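Each of the next two complexes has subunit A plus one more chain, namely subunit B in the first and subunit C in the second.
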Partner chain A sequence: MQIEFKGADYTYQSPTISSLALTNIDFSVKKGEFVAFIGPSGSGKSTLAMLLAGLFLPTVGEVLLNGEKAKKNSVFPGVGIVFQYPEQQLFGETVFEEIAFSAKNHGMSGAELENTVYDALRVVGLPLDFATRSPFGLSGGEKRRVAIASVLSGSREAMIFDEPTAGVDLSGQRWLRELAIRENSLGKTIFWVSHNMEEVAKLASRVIVLNDGQIAFDGDPQQLFSDGEKVAACGLIMPKGAEFLQKIKAQGANIAAAAVTLEGAAIEAAAWLRGDDRA
Partner chain B sequence: MIKIENISHRYADSDRKALSGLSLNIEKGRFLAIIGPNGSGKSTFIRHLNGLFLPNEGKVTVDGLDTADEKNLRPIREKVAFVFQNPDNQIVASSVEEDIAFGPENLGLAPAEIDRRVEAALAACNLMALRDKPPYLLSGGEKQRLAIAGACTMDFDYLVLDEPTSMLDPLLRHQVINLICQLHETRGCAIVFVTNIMEEALLADDVLILRDGQFFAYGPPPEVFADRLILEEIGLGLPEISYLSSLLAEAGYPSLRGAVSVDELVNKTMEVRPCK
Partner chain C sequence: MLKENFLLGQYFPGNSPAHRLDARSKLIISLLYMAALFTANDWWGYLVVTLIFVAVLAFSRVPISLLWKGLRIIVIFVVITVILNSLMIPGERVLWQWKALTVTYEGLMQGFKLGLRLLLLVAFASLLTLVTKPLDLTDGLERLLSPLEKIKVPTHEIAMIMSIALRFIPTILDEMERIMLAQRARGAVFGGKKLKEKLSQIVPLMVPLFVSSFRRADDLAQAMEARCYFGGAGRTHWRRSKWQNRDTVALILFVVLWLGLLAWRLL
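Entry: the complex of A and B
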């Protein structure tokens, strides 16, 4: 699977206004990458997620999945999107139907469909007897799991998460991150839209920064986050661990200041405190 | 002072106590953040502060007025303003300005006084440019500022907010938090706010952690956030800088525990190993 953006623009059109949300977006992502999208509010991240899913078509340029353009009013086959409040995307009468929906759309039926649905329930940690219940009678956290199971069942190639951990408590955040890591290790491409620098530094092997509708950086998260000037130029703030290391370095500490996560920063700073100098 | 004396609360449809045996004094001018896992009783607790809920056991008084006495409710609600989590639940009028005027109109104030209060609230909450807009056209952050502006027309001494930033993105969250800090400073009122964002709790004088309807911890942020292991056990994270500080303490540098800002942690680190 390969997704390619070639000089893509996206403009929101309404009778009274037209507003250019993305300008000249160029990148390509190979199968199995874990790509984070970050950027200030209003920089175009969610719009980009919609283009990645094939839900929006670019107003200029092209977005291609395996060389093919998205069709109008459909999504890219094999690509699933988890919206910011996934519980808002529920509509099925039973949990089974809810989860089966996208798999059916991709042509699954019979025993294969059943297996896919029950597998998805297992992956999100819900009891199998939930299949016959109404999704609307579940708790908020359970609804979220059902919505994610439904995306899982129809996304064999790639999953897009649009700020999935916003408003979720610590254990829910951990669960979501572990789920994404697991799906990635099984070969799925993961796109992760986030506001949280720490999360991006921990998870992603590649980060694409959007600023004012344009790509401001595309590369290794460590390379970005260890460079204060670059981070500021992208309109972002440093992850706290990287900021801490840069500041003790500025105070004269002989330290590489290479780590960008909190855990990495703690290890690097503790080594320096023990007398381990490295330029 | 809001005095909470050994209160318990049980919902009619439940046999479990939502709150049990809580006592706390909230003095005028204090800035208190309340955190806790889902279902720990945060919203139930703050609804006792202005008599929206009454305790099944124990007593709450606001400047000496018992919330259980119905004739006290009006003076109590003038002293204790309440902002709900979802601003849509408390926006009633068809323009920003009318919505802000709703409270003082209900108090039966003179028109000149209503105008004065509305203008002041518009200015304090940075809503001047939006005064004629219908509320449904506002962004999430603007709506939340409108809900706070409505409260600002009252001469309150205590402002209680239930997760005022949970529905906002980081930029809008920042605006709302700034507004709350500014109100605290200029009015000298007490602030009690529930949040699930640990970084916000760092701004408070004191942090109260609820768990299963009881107080799990109470104290200034450096104390409450000193040990990540204690909070992780109840499913809560630390503010990022407190987490880093806790990791360094565990690595053998106990003097680095309890930092609440990057600069504080940098200074503490340089004390352990000074550089020229």
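Entry: the complex of A and C
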């Protein structure tokens, strides 16, 4: 699986106004990458997610999955997207029907469909007997798990998470991150749209920064976050770990400021306190 | 995408003479125009109401392209009206015949008249909401209905319900678009041709839409209660619209129009 953006623009059209959300987007993502999209509000992250899923077609340029364009009114097969409040899309009479919806739409049936649904239930950590219950009788957190399972069942290739942790409690956030890591380790490409720098520093192997509808940075998170000026120029803030190391360095400590996560910063700081020569 | 094709309830900001009229006069004018539409029964009458519409459109400075976008859906109904009328209405001058189907000149003309009537009706109503802020429209309606308070008609509540309904049309369309995207992302295909396909597409769209609309209604009710809303009794208005000379003039013009058409029809 490979997704390619070639000089893609996207313009929102309405009767009274049209606004350019993305300009000249160029990048390509290979199978198994964990890519984070970050940027200030209104920088075009969600629009980019729509293009990635094939839900929107670029106004100018091309977006290709394995060399093919998305068809109108269709999506890229095998690419799932988890929106911010995925539980708002529930409609099924049973949890089974809900989760089977996208797998069925992708042509699955019979035993394969059943296996996929129960697998998805297991992955999101819900008991298998939930399959016969109504999704509307579940708690908020359970509903969200069902909604995510319903996306999982139809996305063999890649998953897009559009600000998945907004409005979720801390254990829910951790659960979502672990889910993304697990799916990634199984070979799925993961796209993670976020505002949270810690999350990005911890999870992503590649980060694409959007600013004002354009790509401001595309590369290693370490490389981005070790450059304070670049981070500020992109309208972002530093992750806590990187910020701590930079501040302690500015105070005159001879410490290597290579880590960006809190854990990394703790390791660096401990080594420096012990007097190991790492700098 | 949906909103572009649905104008009723949307406001087009502006400061044209039509925008500046009092909502009350605009409401009465709309009623008078509708009465005029149903009074006109020959081509001269239809020519007059069409010209009046063009004049009002020019006064409102609403771009015709914007209005056209909203009317495209109605055109389907107009076409159906023309076809059905031309097939159903018997007449003397037969234009076309095939087995049991007959199109007569009289039927075709009747179809065109009804179609034009329908088109102008919706166009004028859309224009009313395009040039009047929803809040002004409600206030106007409430004040027009206020004499009915004496016979215990809950006029404020009626007006409030109407304004909330109008206010939420674009919101619900947005919501529908969002749900469509989410279901398309799960592989649903909208816009199938067969009836069976269409019906199976409706469930994943309508169930979440109903759920979210009820949730929204609950939220709104709570937000209103939290701000001590308790209905009509003793409510005052921050901004009171003023009836001005131009309102009287506009109103007289439309009364004359309607009476003229009535006289033309009866004499």
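Heads up, the rule we're going with is that the second predicted complex is superposed on the first by the 276 of 279 C-alpha atoms of A that agree within 3 Å, B and C clash if a C-alpha of one lies under 4 Å from a C-alpha of the other, contacts with A are read in each partner's own complex, and residues count from 1 in each chain.
We adopt the following convention: contacts are C-beta pairs under 8 Å (C-beta built on N, C-alpha and C of every residue); 3 or more make two chains touch, one makes a residue touch a chain.
Computed from a predicted model, the values in this text were never measured in an experiment.
Visitor: Scan A:198 for contacts with subunit B and subunit C and give back first, second, both or neither.
Guide: Touch status of A:198: first partner only.
Visitor: Quick check on the superposed pair: does A:223 touch subunit B, subunit C, both, or neither? Answer first, second, both or neither.
Guide: neither
Visitor: A:105 in the overlay: touching subunit B, subunit C, both, or neither? Say first, second, both or neither.
Guide: The answer is second: A:105 touches subunit C but not subunit B.
Visitor: With the two structures laid over each other on chain A, which partner does A:266 touch: subunit B (first), subunit C (second), both, or neither?
Guide: First partner only.
Visitor: Using the superposition on chain A described above, determine whether A:132 touches subunit B (first), subunit C (second), both, or neither.
Guide: Neither subunit B nor subunit C is touched by A:132.
Visitor: Of the two partner chains, subunit B (first) and subunit C (second), which one does A:154 touch, if any: first, second, both, or neither?
Guide: Only subunit C is touched by A:154; subunit B is not.
Visitor: Give one of first, second, both or neither to describe whether A:170 is in contact with subunit B, with subunit C, with both, or with none.
Guide: A:170: touches subunit B, not subunit C.
Visitor: In the overlay, answer first, second, both or neither for which of subunit B and subunit C A:19 touches.
Guide: Once the two structures are laid over each other on A, A:19 reaches no partner at all.
Visitor: Would you check which partner chain A:185 touches, where first means subunit B only, second means subunit C only, and both and neither mean what they say?
Guide: Touch status of A:185: no partner.
Visitor: Which parts of subunit A are touched by subunit B and by subunit C alike?
Guide: The answer is that subunit A has no such residue.
Visitor: For the complex, give me every residue of subunit A touching subunit B.
Guide: Per the stated touch rule, the residues are 40-42, 141, 166-167, 169-171, 173, 195, 198, 239-241, 243-244, 247-248, 251-254, 262-263, 265-267, 269-270, 272-275.
Visitor: Please give the residue numbers of subunit A that touch subunit C in the complex, ascending.
Guide: Interface residues on the subunit A side: 13-16, 50, 53, 55, 73-75, 77, 80-81, 83, 86, 88-91, 101-102, 104-106, 136, 150-151, 154.
Visitor: Please give the residue numbers of subunit B that touch subunit A in the complex, ascending.
Guide: Contacts found on subunit B: 37-38, 166-167, 169-172, 196, 232, 235-237, 240-241, 243-244, 247-248, 251-253, 262-263, 265-266, 269-270, 272-273, 275-276.
Visitor: Spell out the residues on subunit C that touch subunit A in their complex, using ranges where they run on.
Guide: 3-4, 12, 65-66, 69, 178-179, 181-191, 203-208, 211-212
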